[in-house]
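Think of it as A, B and C in the order they're written, each chain with its own count starting at 1.
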Amino acid sequence: MKILVCISNVPDTTTKIKFAEGNTSIDTTGIQWVINPWDELSLTRALELKDDASIGVKSVTVIHVGEASAETTIRKALAIGADDALRVNASSSDAWFVAAQIAEVIKKEQFDIVMCGIESSDYNGSIVGGMIAEFLGIPSVSAVSGIKVENGQPVLTREIDGGKEIVTVPLPFVAIVQKGIAKEPRIAAMRGIMMARTKPVKVVEPVKIDPLTEIVSFEKPVPRAACKFVDADNPAQLLDLLQNEAKVI
Amino acid sequence: MSVLVYTENWDGKFKKLSFELVSYASGVAKMLNTCVTAVSVGKVDNNELLSLGKYGAGKIISIVSDSLTAFDSQAYSSILSDIAVKENATIIVISNNNEGKAIAPRLSVRLKAGVASGVSRLPLNLNPFTLYKRTFSGNAFAHLVIKSDIKILTLAQNSFDLIEAPVSPAIEVVSPAIDGSLMKTVVKDTQKQTGKILLTDADIVVSGGRGMKSPDNWPPLVELASLLGAATACSRPVSDEGWRPHEEHTGQTGKIIAPNLYIAVGISGATQHLAGISSSKFIVAINNDKDAPIFEASQYGIVGDALKVLPKLVEAVKEIRK
Amino acid sequence: MTKQIIFAITLLITLGAFSYTILRLVRFFRLTRPAFPVRDFGKRINVMLTIAFGQTKIFRRPVIGMFHALVFWGFCVIIFGSIEMVIDGLTGTDRILKFLGPAYNIIIASGDIFALIVAISIIVFLSRRIFFHIKRFEGIEMNKMTHIDANIALSIILFLMLSLLAMNTGYVEYKKLAGEPAVGVYPISRVIAGFITNGSSETYRLVYESSWWAHILLIFLFANLLPYSKHFHVFMSVPNVFLSRLDPLGKLTNMESITKEVRLMLDPNTAFAASASDTPPERFGVKDAEDASWKNYFDSLSCTQCGRCTSVCPANITGKKLSPRKVIMDLRARMKEKGPLMVKNGRDFNDNKSLLRDYISEEELWACTTCNACAKECPININHPTLIVDMRRYLVMEEASAPGELKALFNNIENNGAPWQYSAEDRLVWAKDLEINVHNG
């Protein structure tokens, strides 16, 4: 079985987002770039499946649509344990563009399971995974919080409102994964970091695709009123505010 | 040209979420001077379907089919895309919940429709078609333009008020032939919790963090939630330690919720947690550290020992309920 | 003449057996990894004189420490008599060292006195072990064998002292009854002899001769048993102290292979590609016995299982699984198990077991606070934390295995430049109102 893990390159969660060029783009100075947290969990699970020799995962490949500046993040994924990487050499314009590029690569390379994080912490799209599946005409399962392989058959746990469902789909498929897919993300061991330098990163040129959406400007969230403090001995006052001022209870 | 809205149902019943979607779709339809068609999948009886008319759905298409044995995103998006084409829909409104997130991207590829996900306001502009959308986990908002002819919008939960715009809808029940090769998901088992208020549906949420010190201290918090008709939630360390079930974890990699009121007890307010609750209408924080970051995100706060404040709060709620 | 031949044969057998044991151990040492260069001989001699010969760390438990110091000093003195006995036995002389004159009398007299003192101390030790429940001697690593080992060794020492006293008493009495002057001074034995009234000169000579043989044969036996016992410290403790790690406690060793790797990563020419001459280093850290350094192994052979380290370990005191003594004992046991297999089949031999996990669990390793109380307390300068840290290095650097909180910490340091989840931009907020010059590196 060959697994493909799609990874996004995003600013670290604690980054203070600032805008540039008249609020039309994000100011990237000083940003620490990391692997999208959901993709990190996704990669961890893929590697856990590979560690179990009885399952027979031949390789775990990571793919990223982005420019050469993303190389560090790709190497991090290799250091964590991915066997090889593919980079589509293009700036990621929108979800449609990214999904189409990845689908083109998958058509040539053939993977059994494609794993995508449910969203990326930059644009919170939740779109790319499903699009890849539709471009390829293969099934996709979303909100996946667990993947196992039993007797050669992948068994997925997906979250539904108020509970979970255990489902199976035939190979190949796209698993769109969320929290629960792995307990915590794997870190790169020193051995992994050293070996990452020798693992192949194949760069492919993009196919011509026009994006369907575009971000034209950004704005900061509307600042909310400063916190009104209520005395710890007077909780009734809090309830009064919630009832009569905020009108939420 | 019409606005199509997919209204999910739960065992044949609609929830507040479904009506929010119809209200939003009606708002968009009004801007475009067109009408709203609602689509529902599964056995829903007539009276329930008619309730969608209260919020402006002029036409309701109810899909009933025995071959739809489970939710399969490929099958559902195929059905919806056929209907979208038939109804000449240019705007499709879907929820940003689990099912919606599964359907929207596949639908987008079938119809070559650009997607704006997690919108919380009506379009800012019609030409170009611009949406206001949450990015960077709530730290920034983007103006996203959809350039394609057909546009798909996924609405963030609890971000749009219900607006009544009653009409008498025409109901059309269809049983389309479903291509067997598209229905590939097989459900082996279902585990559902019954009785508890769903975290993503709740208007009020009471949440506990590490400041609660031990799982044994949860009863007053649960009591407060029950008195307020609220769902319970927790921060990541609490669910990691096993004090509370994983389903209660709200935060960047847990559940992202937007209740009317979020009460954070003994939670410091780390960035990842705030990412899960920043869209709440009102946040109340109870923490004994006056410099805790949670107070920067909250509208009301009490600086004090959560274990002492909670019981007093419970008593105060009981008082006003009398 | 016969006596000399028999003696020579027994000595040969003893030396043969001992050499076999030592050679075996040397082969195991060859499997281990380098520790540090042995330099600073002046400092080392100083450490040896205070800590080994001065017994300074043993006195941290003053009363029982005094008893042990007396036993140790007793051995140091009595060994002269034993050397004389070996020379006498081989060459047929009688008390060959008497040419030392008054110094000889002092040595022999001290030996006689110490024989009694050591015998009394051993009785104290044995009684303490048998009749009292000493917490320090308990623990999951202290199985029945360790207690039997201890009691056997103590008993042999007791018999050694008794045979020495019997030898000396026999000697002075036989000489007195034969009307010949005794060579050497035997204050204690003369008093003992004073209590005995009947028996002929010949009887006492027999007592003397048989005790002499008993004593020397017991020494030969004891010497060959020691390498397999916890009492190997009789041989190993003084060299172990001489070979102490001289770095301050808590100072970590630098790993050359890591330094090299970081340099390669910082150089843009090599950061994303490996050069042809690159050879990945051997294993990072310690997973199994052969990954430990020769000094770790030396420590494990010297350990006498006294348990003073575990008794001051804050993790152990508060109920965690970690016992520093167990870590050292486990290394010795594992090398005993795997050493012969590696000598026979090559260093790469894999018996599907390991020091890590099969002997020492991850829970024990992560419980260590690296406070170094154990190393500070050990009377023979065993350094437990370096072994524990090296095993952690294996876990993190080879397996990326660490407790969740540490993984979060590693990620934060990597992404935010600090152990916590704050934006890198807020790094200097603490210095906001302070008059500090900030240089942006």
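Following the convention adopted for this analysis, a contact is a pair of C-beta atoms (placed from the backbone, for glycine too) under 8 Å apart; a residue touches a chain by one contact, two chains touch by 3 or more.
The shown structure was predicted, so the numbers you read here are calculated from the model rather than taken from an experiment.
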| item | value |
| --- | --- |
| Pair sharing more residue contacts (C-beta pairs) when A-C is set against B-C | A-C |
| Per-chain CA centroid nearest to the all-protein CA mean | A |
| Subunit A and subunit B, separation of their C-alpha mean positions in angstrom | 20 |
| Centre-to-centre distance between subunit C and subunit A (centres being mean Cα positions), rounded to whole Å | 54 |
| CA centroid of subunit B to CA centroid of subunit C, Å | 67 |
| Residues within subunit A bordering two or more other chains | 13-14, 16 |
| For subunit C, residues that touch 2 or more chains besides their own | 404, 421, 423 |
| Residues of subunit B whose C-beta touches two or more other chains | 271-272 |
| Subunit A contact footprint on subunit C (complex, rising order) | 258, 261, 264-265, 270-274, 278, 280, 284, 396-400, 402, 404, 407, 410-411, 415-416, 421-425 |
| Complex interface listing, subunit A residues touching subunit C | 12-16, 30, 32, 34, 71, 75, 80, 183-195, 197-198, 201 |
| In the complex with subunit A, residue positions of subunit B that touch it | 10, 70-74, 77, 96-98, 101-106, 108-110, 112-118, 128, 130, 134-148, 154, 184-194, 196, 198, 200-201, 203-204, 228, 246, 249, 252-254, 260-261, 271-272, 275, 278, 281-282, 284-285, 295-305, 308-309, 312-313, 315-317, 319-320 |
| Subunit C-facing residues of subunit B, complex | 240, 270-272 |
| Complex contacts: residues of subunit C adjacent to subunit B | 404, 421, 423 |
